[in-house]
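Look for chain A in each of the two complexes below; its partner is chain B in the first and chain C in the second.
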Partner chain A sequence: MVKITIDEKQFEVENNLTIIQAARQNGIHIPHFCWHPKLSVSGNCRVCLVEVEKMPKLVIACATQVTDGMIIQTNSGRVVKARNAVLEFILINHPLDCPICDEAGECKLQDYAYKYSVGESRFEFDKVRKPKRVELGPNVMLDTERCIMCSRCIRFCDEIVNKPQLVFTQRGDHVELTTFQGQKLDNDYSMNVIDLCPVGALTSKDFRFKARVWDMSATDSVCVGCSRGCNTKMWVRNNEILRLTPRFNSSVNQYWMCDHGRLNSFKNVNAANRVNAPMFRKDGMLIDVGWDEAMARATSELKSFKKNEIAAFGSAHSTNEDNYLLAKLMNHMGVHRIDFVPHIEDAKQDSLLIKADKTPNSTGARLVGIKSDTDEYSYRAIIDDIRNGKIKALYVLDDDIAVVPEIAEVLPKLEFLVIHASNENQTMKYADVVFASSTYAEKHGTFTNFEGRVQKNKPAVSTLEHDRVLDGMPLSRLDRFGAHNDRWTKGIKRDTRASWRIINSIAAILGAKWKYNKCEDVFNEIASTNSSFYGLTYENIGVTGAMIQKSQEQVTVRS
Partner chain B sequence: MENQKPIVHRKDLHWWEQFYIPQIINGMRITLSQVFRPKFTRQYPEEKWNPPASFRGRPVLVEQNGVERCVACGLCSRVCPALAIDVQASETELLKERYPVRFEINMLRCIFCGFCEEVCPEEAIVMSKEFELVFRFQEDAIFGKDKLLISADKLKDRLEYLRKNR
Partner chain C sequence: MSEFNEKLLLPNIPDLHKIEVYEQNNGYSGLRKAIGMTADAVIDEVKKSNLKGRGGAGFPTGLKWSFMPKQSAKPKYLCANGDEGEPGTFKDRQIFGFNPHLFIEGSLIAAYAMGIKAVYVYIRGEYVKWIKILQQAIDEAYSKNYIGKNILGSQFSTDVYIVRGAGAYICGEESSLMNSIEGERGYPRVKPPFPAQVGLWGCPTTINNIETLANVPLIILRGAEWYSQIGVPKHPGTLLFGVSGHVKKPGVYELPTGSLLTDIIFKHAGGVRDDKKIKAVIPGGSSTKWILGGELDGVKMDADSLKAYDTSIGTGGVIVMDEDTDVIKVLARLTHFYHHESCGQCTPCREGCGWMEKILNRFIAGEARIEDVDLLLNVANNIEGNTVCALGDAAAWPVQSVIKKFRGEFEKRVKKISSEKKYVPPPHLISV
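Let's look at the complex of A and B:
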């Protein structure tokens, strides 16, 4: 430990830290473009200059280690002057693109120019022109003029992904970022450079020009692309998700997320093929009906089967609460054949984030009771028994099980099939009753990731079930001030319900006396009755998640 | 009771004032003198008024060479205190990269403050001289690009005024 003084305040910090790290730990912000906590130090942007007593020149805070008794000034006259000069230099060749730049509103250069520069340029010559609208790869656009040569993107590819794909060419003010000859920026994590880029040089092709950042609300969410469960922010405008960005969690995903999760784990929420109302089959066709009708039909039909003729599939796509209540409902009905269908893709995994299990909650589903005690009850055995006619009715929680060919083959044999579905899918073709369920973006719930971390998910998109204001959902400026007759508040609100709520209503019809008002009630019951979740409450899971009691249960995913 | 205001008695009229006749004659004199002065009233709507360049009528989008100048930056929408403007950007092949696929101003919300004009980095939205706005349905009050786009030559007055008063 060493004693240092920053801006007249004394701190005691570890001795191998740099000034910028020590300051950050103590809540002092030193402006920086090229420095990033998870990347190597390159020290090229020069905006982190600070004054250290007895040092003749200003030093860069990102590459200077603290020593005992160091006295640092981050706002002295010399520092302020130098920072302004650095910004003036950077702005010499930076185009006046803010009106057409997607980064505007979350741009470090904009922010620092406001905060630390006097906003005047003495430079009268034309700016250097470089290529704009360059496709660096399948997901990333580059505007070479906007690049301030901080090299964060290059270091990310080199150091984090281990795929050197980006490089600088030329010299001086003609430096240009490009990909290596014949290469593209196409690694599985390429879109993280968009978040890393302090300016709008690297932008998302998918989100390009879709919305201004200040018009969206951001909700803390969890990616459902695989069993890692990267923490995300879900950006919503007019009840439509427009982009996902990673949210820092040191125990799960650091600052990153993969391109697959970022692009593909939310598109179904606003897709045209959403199931907007409950349905049942009449004369061979699925028709829209009311909730009560659909439930009455499902329950009366289920009652007409013997206990051992019914089976249920939980879902590793669904939350702990959904699965727990399904298990509880089956238990109430005396049905013991329950399992879920795993979705493992061994070819698609790596050592950084991406896991082979393409569902967010197989650990949780198993722990809350979606499992077979013996092989006789496993999902394969259930399929066999459907084939040989022993199982006649099946209840399926949010999972398109018919994508597995051997399941699609036996589904026509069923006499009765109830499913929860958020989007039209293969399984629907065989279903007799379809409950319109909310996606993960429209409900509260918890997921348990591959290592047993329970993480909370919050609704970002509202359905008829909630009201943005009353339910405390994040509000954008437009949500806050919009009236009912403004077009930008007229985003579709669907008549879907969270799966646990649907099961709760069915159980009530079947005579169960459950009392759950909120998702929280379900989770707290799980925590108080299930030893793996012992000690957890919905409250104390917090924003970064909490670990289950591992010793109680073997946490492995079976394929 | 103590807080009550004291009753103010009106001053009694002077004996000369109590006559009334001189007062009436004086009033008639003023009326008569007005009759022979030039008229300021206008036979609106038969007779139209052409407002000066400084007038803030409904905001319109400036069209130049067949396209809007607007790059759909959304600043007008952000600054509008009445939240009247809705802009959706998209990509164009033109040099400006962005353009508004949808640009709507809700004229029931607009309060003619002119902030949108002031904030626009492209001089793409300006206050016109139009002030006659009548609608039968709320929906009709939402002006899309079809109603908003006005060619630059028709807005010369205002554009010049803006340059002079920057």
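Let's look at the complex of A and C:
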């Protein structure tokens, strides 16, 4: 440990830290562009210049180690002048096109220019021209003129993904970011460079020009693309998710997420094929009905089968709470054939984040009781028994099980199929009752990731179940200040329900004595009755999740 | 100071680049002697000699060598810097051309002293002719076992390789030189760590200029005591002064440190063309601050003496400008060089060099305003000291010094308009 002084305040810090790290640990922000906690130090932007007593020149806080007795000034006259000079330099060849730039509102350059520079340029010449609208790869666009040459994106590809796909070419004020000749920026994590880029040089092909940052609300969420459970922010405008960005969690995903999760785990929420109301089959057609009708039909049909003629599939896509209540309902009905269908893609995994299990909650589904007795592969036995006619009725939680060919093959044999579905899917073709369920973006709930970390989700998109303001959902500027006649404030609100709530109602009809008002109550019951979850409460899971009481075999995901 | 007329680096001996001729003239006896000493004793001798680096910064060579770890699990390297990119500098190529073995011998002694496994000689790519001569000399030295395995029957082995640069001034900066050898982009590295800890391929490395290393054999052969008496004690030895510009006999002149600048120009380089007056002299390559023609009397060419004139010895490249010189044009041309050569890694140099060039072009076009003088100076001040490497400083210093010494010329070039009128750049100044 060493004693240092930053801006007249004394701190004791570890001695292998740089000034910027030591300051950060103590809540002092030293402005920086190129430095990033998880990337190597490049020391090139020069915005983090600080004054250190007894050192003749200003030093860069990102590359200078603290020493005992070091006296650091981050706001002395010299520092303020130098920082202003650096910002003026960065801006002389910058296009200053904030009004049309996606980054505006979350741009480090914009923020620093307001905060640390005099806000006036003495540069009166033509700026250096560089290529605009460069497609670096399938997901990322580059505006070379906005680039401030911080090299974060290059270092990310080199150091984190181990796919060196970006380089600088040319020299001086003609330096340009580009891909290696004949190559594309197409690694599985390419879109993280968009978040890393402190300016609007790198933008998302999927999101660009869709919304101003301040017109969206940001809700903490968890990606459902695989069993890693990367922490995310879900950006919503007009009750529609427009993008996902990674949210820092040192135990799960650091600052990153994969492109697949970012692009493909939310589009279904506002898709045209949403199931907007419950349905049942009449004269061979699925028709929209009311909730009560659908429930009545489902319960009366289920009652007509013997216990051993019924089976259920939980879902590794669904939350712990959904699965727990399904297991509890089946238990109440005396049904013991219950499992879920795994979705493992061994070819699609890596050592950074991407897991082979393409569902967010296999671990949790198994732990809360979605498995029959001890048979590891009981879902196969269920399929066999559908095929040979022993099982006649099937209850399926949110999972398009018919995408598995051997399942699609046996579904026509069922006499009764009830499913929860948020979107039209293959399984619906065979269903007799369809409950319109909320997606993970529209409900509360928890997932248990591959290593047993329980993480919370909350609604980012509102359904008829909740109200953005009354239920304390994150608000955008539009949500706060938009007028009712403002077209932006009118989003579709669907009549869908969280699966655990649907099961709750069915259980009541079937005479169960239990009832839950909040998702939280379901989780807390799990935690108090299931040894794996002992010690956890909905509250103490927190924003970064909490580990279950795990033993290795409990969390090993079968393949 | 006693007259010292001996040429140590470039003696007038025909065919000295041939190994037999070199050997007949005491060649490689410095190496032989060094191998008979302990490595530490060799470093001590170089320390005692007070030899200062000839690459521009004038760092004490023995001290630099002593920074190398004695024990190292990783191999250690020496990079001999023959990039010679500094405008006004053309001395190292004379060593390659006329006395390559002296440099090779110096490198080998350095390698012995620091326990170095391989010497990389980084030479600017344009020096095709000199690269050939040096390669020939290296091959000869291999064939006589001065380089290679168990050199001269000792336990000491080392290899010498030539690496050709690809035309970037910045690759003469020691850390980008190492990146360049590694095949990386020629970006200077942030220091610390210093090369002696983390250098070429992450291994302990020392970088020395070609001329620096060429001084070493005689220091070992004749002793530090003898060497330290030559020229100025704090900065001893001879320097290869490359004289260019408006002189009658431009060329490389080997003279002891502390020589009078006027002697170099008038006695050796034959005086000014057409016997004109001198307007200004750049004493040590384009990155050093200028000396006015009127200040030349008594200026001695060594590190300490030049400090008194707020400039430095640099590479010893003396650039003479006569009374007709348009100093603003010269400055604009130099600034163009730095703008063109800035690697673009760090903000102040990348953006500032181009900005300074644009302002200077405005003076040349007669479109500048009076405020532009201070603007230019302020841009230079904002670059200086705030960059990753010294190229930024090198770009700022000439600007600062020319404004200081020739402010009047700038003011004369200002457009005679009211300063309120908005400046509109003429079409030829619109850069692409």
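Here, the second predicted complex is superposed on the first by the 549 of 559 C-alpha atoms of A that agree within 3 Å, B and C clash if a C-alpha of one lies under 4 Å from a C-alpha of the other, contacts with A are read in each partner's own complex, and residues count from 1 in each chain.
Here is the rule we go by: contacts are C-beta pairs under 8 Å (C-beta built on N, C-alpha and C of every residue); 3 or more make two chains touch, one makes a residue touch a chain.
As the structure is a computational prediction, the values presented were derived from the model and not from experiment.
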{"item": "Superposition on chain A - do chain B and chain C clash or fit", "value": "fit"}
{"item": "Touched chain A residues, chain B compared with chain C", "value": "C"}
{"item": "First, second, both or neither for A:95, with chain B first and chain C second", "value": "neither"}
{"item": "Included angle at chain A between vectors to chain C and chain B, based on C-alpha centres and rounded to the nearest 10 degrees", "value": "90"}
{"item": "Touching partner for A:491 - first (chain B), second (chain C), both, neither", "value": "neither"}
{"item": "Chain B versus chain C as contact partner of A:164, first or second or both or neither", "value": "neither"}
{"item": "Touching partner for A:138 - first (chain B), second (chain C), both, neither", "value": "neither"}
{"item": "Gap in Å between nearest CA atoms once chain C and chain B share a frame through chain A", "value": "16"}
{"item": "Chain A-facing residues of chain B, complex", "value": "71-75, 77-78, 83, 86, 89-91, 96-98, 104, 106, 121-122, 138, 142"}
{"item": "Chain B-touching residues of chain A, taken from the complex the two chains share", "value": "98-100, 104, 132-133, 208-210, 212, 214-215, 478, 481-482, 485-488"}
{"item": "Complex contacts: residues of chain C adjacent to chain A", "value": "168, 170, 185, 190, 192, 339-348, 350-355, 358, 375, 382, 385-388, 423, 425, 429-432"}
{"item": "Complex contact set, residues of chain A against chain C", "value": "41-47, 49, 57-58, 60, 63, 65, 82, 85-86, 88-90, 92-93, 122-126, 128-129, 148-149, 167-168, 170-175"}
